[in-house]
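Shared chain: subunit A. Partners: subunit B in the first complex, subunit C in the second.
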Partner chain A sequence: MKKQNLKAWLYLLPAAAFLAVFMIYPLIDVVVYSLEEGYNSASQSYFGVGLYNFSYVLRDPYFLQALKNTLILVVITVPVSTTLALLISLALHSVKALKSFFQTVYFLPYVTNTLAVGLVFMILFKKTAYSEGLVNLLIGFFGGPSVDFIDGPYWAKMLVMCIYTVWVVMPFKILILTGALASVNPEYYKAARVDGTPKARIFFRITLPLISPMIFYLVITGFIGAFKAYSDAVALFGVDLNAAGMNTIVGYVYDMLYGNSGGYPSYASAAALVLFAIVFTITCVNLLIRRKNVVN
Partner chain B sequence: MKPKDGKTFSFGRAAVYLLLVLWGVIVLFPFYWMVLSSFKSYSSYNAEFVPRFIVTDPTLANYRDAFTAVPLARYFLNTLIFTAATTAIMLTVTVLAAFAFSRLEFRGKNAVFALFLSLMMIPGELVVITNFVTITDWNMRNTFWGLILPSVTSVFYIYLLKENFEQIPDELYKAAKIDGTSDLKYLLKVMLPICRPTVVTVTILKVIECWNSYVWPRLITDEQAYFLVSNGIQEIRENGFGRENIPAMMAAVVVISLPLVILFLVFRGKIMSGVMRGGTKG
Partner chain C sequence: MKIVLDHLTKRFPNRNRKIREDVVAVDDFTVEIPDGCLIGLLGPSGCGKSTILNLVSGLEEPTSGRIFFEDRDVTNLPPEKRGVGLVFQNYALYPHLTALENIMFPLGNLRGDERLPKDEMHARAVEAAKLVQIDGLLDRRPSEMSGGQQQRVAIARALVKKPGVLLLDEPLSNLDARLRLATREEIRRIQRETKITTVFVTHDQEEAMSISDLIVVMKDGRLHQIAKPQAVYDDPVNLFVAKFLGTPPINVFSGTVKAGKLLIGSEPVLDVPGVGDGEVTVGVRPEGFEPVTEGGPSSAKKGGWIPAEGLSFACALDRVEVMGRDTSIVFAHPTLDGAFGRAIVDAEEAAGLEPGTVRFALRPSKTRLFDPKTGDRIHIAGSAEA
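Moving on to the complex of A and B:
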């Protein structure tokens, strides 16, 4: 077939132009920004070139707080949500009645607005002048002390953040895992049943190895997603996350860029590159572990 | 069902259903609570130290407040315009690119496609800083173009459409060429109708993404006249209804959530299979 160079490029032009302006150029620019020291966005001038922005960010208490919050969030929510999703998917896979009803219900949080439902979560956990909040009443019913989860101690705020994050990420995980479970060839189960293999053994020797690629996929996307947490925190604790002590790395980037503490694209770029380096490293480590464990 | 271990079987079955129902309640409860609270009057909501799980005298006053005390209708309209325009432009751009990659022969095709694919790995957080500066420099803050332009291409959707386009047999294209059909006409009259399921999936996923987008609109708009629903909700949370009128806030939340819940219930099969093929969130 003869080449259609000109015509092909005409079809590609819109996509290529948008990608060049809003993806490729920014990618180079973010590195440039991060190396320009003392950048002034009003005069668009800078003193010199170097790694000062990175050392500033890595020493900034707000960044360290954001890093700590993000790490705690990742370490708690990724294992909890993956395990819980696996349990629920196994339960879902083992029933016939109401299966598609449950599947539909479980997927609902995926399509809803994070900010909007976050507001509801805040109200359920918040103490006001009028009411202790539903969650505190529930704790009180079981004899526990009431806690202000939204403006109270750090661990309480972190707990709400983790609960909401898990609630938000579950639909995707359940969907992927039920799909993986459904795709396991039933012949394996038949053979195991003929041999009289116990259920636990079937799970660990047949089911788990066969769906392990999907579990690793979920762990990787879970890590990436949790490291980029931001809107969930805003929904629960408001826009001023530094004051609440609940900022995340992505929140720090945006705060540096815009808003009351904004106007520092260089610091924002340095922080974004630090985030990218962390996510990239963890993804690579995950892939290495996966190569060792999953692919024979 | 095997009779020999019938007893343990049914016990296990009960535990399974208990887990399923429990998680169903956890998922649905926030939705129930928002709808419930939105029908309570301000005074009765605050009079209930222990909140009641039913509403005895439902009122629509909160919904009236939601549309009068805050510009909810404005946020709604803005989001509709933003979603429709972004999705339409995105579809045009990605379909044209996917056509070039799947149907046309040109020098450097594989290299360009590899470059496109490698862009899929770039996190949005990395490019948002420069895009913010670019849009500010172009004086597009607080405009629809500023909101729309950075999100009208998606390498992933180009990839998805290209894979689908390539499944159409070459014979159809050759036949169309013999009939003298132009490439564009072939794309619109033959390829798109055949690949309609994929196009619909891409459209729905993009609509969901647009309706829920928060970060970019927050950076690019600070005038309420250009707020989308997410920013509107945040504005209501910080300043709306004197910060105290929770039933009115819940009414606003219900109004904002409803379109997507309806979209989901109508297209749930398409949405779930689409997300399974390549959605991410979590």
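Moving on to the complex of A and C:
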């Protein structure tokens, strides 16, 4: 038994060593950095140990803006994208003609490069010297005033950001949900039909509970994914997100590490830990709700 | 409720799109099921049994033909308007609901005037649960119940709306052998108590024989025979029915009829008055063999039947298998269909038998003749078949 244990550890060693060096050590290091006040990466020196970095970050208007942006993004895009994905999956599940064609179409954004998608959104929303952007042309057609979605008011930029995020995350959700719907035993629907179950009742009492584990999986990963948003904002608004007022928490961390103000790993670490605390709390709450509502 | 299927036909488009011809699952099926009967719908896999069940329940629409419940034409009615309860092969219990919630589910579908108050629904569900004797397990989920218990919940769910017809699709196939015996008695009891017309599908002839009032034997979507279990066994309409029922199966020889005598090989074995000369297929039930020793038939003392002098044929005895009450003699014969045949005799009759040759006389009541080409039954005149 003991010998076998030793062998098992030996087999695990390469992966364990890799994880220790590239995952666990940096994780610990982030905590250490976040507590070192006035850390200088050039001289590798610091003044003292304390929570000053956290208090700085939490008072930094750029961080607060990034936090607000991220929270709005999360609160809007997770429910919207999950609901939309569920509706589209239901439609995909019930169409017969051209089923695989539609499935491919809805999956395309998943395999498309983020920046290419950004370009498409530019064409749709950006005002240039030559064009108002497709959406503004439409608004103009219906007699509305033109809006600058990329460099204009905050709500317009946030709207574009939300639409973009929903659009990007949806294919994966549709893929998972169509799979979940297809895996529901058709006998349940037959049994429901024999009993004359109304369509809405079939959906809410049979389909939804049976695919609820998948929905919860999508909500949890959706929350985590939305909190980690960064590249989408870059694709739409360029690298100077603070100037655009569209920074996200991850963007803030990145700026603190490498941005033109560059070189504050302690602040970056503190911001990253704040993000971790938020995501961790929300995931725990999700799991608690899940335990109450989802059947396995 | 009486069920009448009138020239029912169901075709499905072929799955292989290159084949244009439809698959005929049910072919011109006409049968009348009397009120309050327990019917065993019996046939080999893929013969259209389940399709019949789906047509009766309304889950599928027939290509042609009509379905009547009593005098009511239900052919075009959706399932919920027909008043049928259907129990699926794997029960199809909703896994996220408790037994009670599963049983109440059909009641929750009622709308408008039909809708029952909550406590009435609960009372009805408990009543159904009591009928199938699972009222102690009502707060369990399906995953916390055994196969037999799930089966009962499924039956209770089918019965809770008090349907006129109960349909069971292979109700025992997911249960182990011991539970199967108990459950089939249970189905019989529930049917007797509710007096509900019940159709159950099975490919297991023993299951069908043991509990059915009537057996419907079908093959390739066609009805072959509908009769009481014993009648189907004793008086099969054709070779397929004869072969399908009975364990061990019927022994099939090819024989000839010459001048009112049946010959197997070159030996006369039976008087068959009224049968024309020519080739015939002979089916003999295992219990229809009587070993004949030099000193005359061995069992003359106890049975009412005494084999006629000189009517017997020789078989190669392979081995004798003792099964306690009976003994089965495994034998070979050149005209036999299959390598070995099996005769079941009383233990004492087989006592003196040794590997080598054994002579059998045939009981007329257990010997049936069939047309070698069509497989149809050839009746023997007079009381010779009795």
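The working rule: the second predicted complex is superposed on the first by the 278 of 296 C-alpha atoms of A that agree within 3 Å, B and C clash if a C-alpha of one lies under 4 Å from a C-alpha of the other, contacts with A are read in each partner's own complex, and residues count from 1 in each chain.
As a working rule, a residue touches a chain if its C-beta (ideal position, glycine included) is under 8 Å from a C-beta of that chain, and two chains touch if they have at least 3 such contacts.
As the structure is a computational prediction, the values presented were derived from the model and not from experiment.
Student: If you stack the two complexes on chain A, which partner ends up touching A:201: first (subunit B), second (subunit C), both, or neither?
Tutor: After superposition on chain A, A:201 lies in contact with subunit C alone.
Student: With both complexes overlaid on chain A, does A:75 touch subunit B (first), subunit C (second), both or neither?
Tutor: Neither partner.
Student: Could you tell me if A:276 is touching subunit B, subunit C, both of them or neither one (first, second, both, neither)?
Tutor: first
Student: Just checking: does A:51 make contact with subunit B only, subunit C only, both, or neither of them? Give me first, second, both or neither.
Tutor: neither
Student: Now for A:185: first (subunit B), second (subunit C), both, or neither, which partner does it touch?
Tutor: second
Student: Applying the document's definition of touch, where does A:284 land relative to subunit B and subunit C: first, second, both, or neither?
Tutor: neither
Student: Using the superposition on chain A described above, determine whether A:138 touches subunit B (first), subunit C (second), both, or neither.
Tutor: In the superposed model, A:138 contacts neither subunit B nor subunit C.
Student: With both complexes overlaid on chain A, does A:92 touch subunit B (first), subunit C (second), both or neither?
Tutor: Touch status of A:92: first partner only.
Student: Using the touch definition from the top, say if A:209 reaches subunit B (first), subunit C (second), both or neither.
Tutor: In the superposed model, A:209 contacts subunit C only, not subunit B.
Student: Between subunit B and subunit C, point out the one touching more subunit A residues.
Tutor: Tallying touched residues of subunit A, the top partner is B.
Student: Would you pull the subunit B residues touching subunit A in the complex into a rising list?
Tutor: Going by the criterion above, the answer is residues 13, 16-17, 19-20, 23-24, 26-28, 30-31, 33-34, 37, 46, 48-51, 92-94, 96-97, 99-101, 104-107, 109, 112, 116, 119, 122-123, 125-134, 149-150, 152-153, 155, 158, 183, 208, 211-212, 214-215, 218-219, 229-230, 233-234, 237-238, 246, 249-250, 253, 256-257, 260-261, 263-265, 268, 271-272, 275-276, 279-282.
Student: Looking at the complex, which residues from subunit A come into contact with subunit B?
Tutor: Listed in rising order, the residues are 1-5, 7-9, 11-12, 14-16, 18-19, 21-27, 29-30, 33, 81, 87-88, 91-92, 94-95, 98, 102-117, 119-124, 130-132, 134, 137, 167-173, 175-176, 179, 218, 221-222, 224-225, 228, 230-231, 234-235, 238-239, 250, 253-254, 257-258, 265, 268-269, 272-273, 275-276, 279.
Student: Report the residues of subunit C in contact with subunit A in the complex, numbered from low to high.
Tutor: Subunit C reaches subunit A through residues 57-59, 78-81, 84-86, 88, 90, 92, 94-96, 105-106, 108-109, 111, 141, 157, 161.
Student: Which residues, counting only subunit A, touch subunit C once they are in their complex?
Tutor: Residues of subunit A touching subunit C: 185, 187-188, 190-191, 193-198, 201, 205-206, 209-210, 295.
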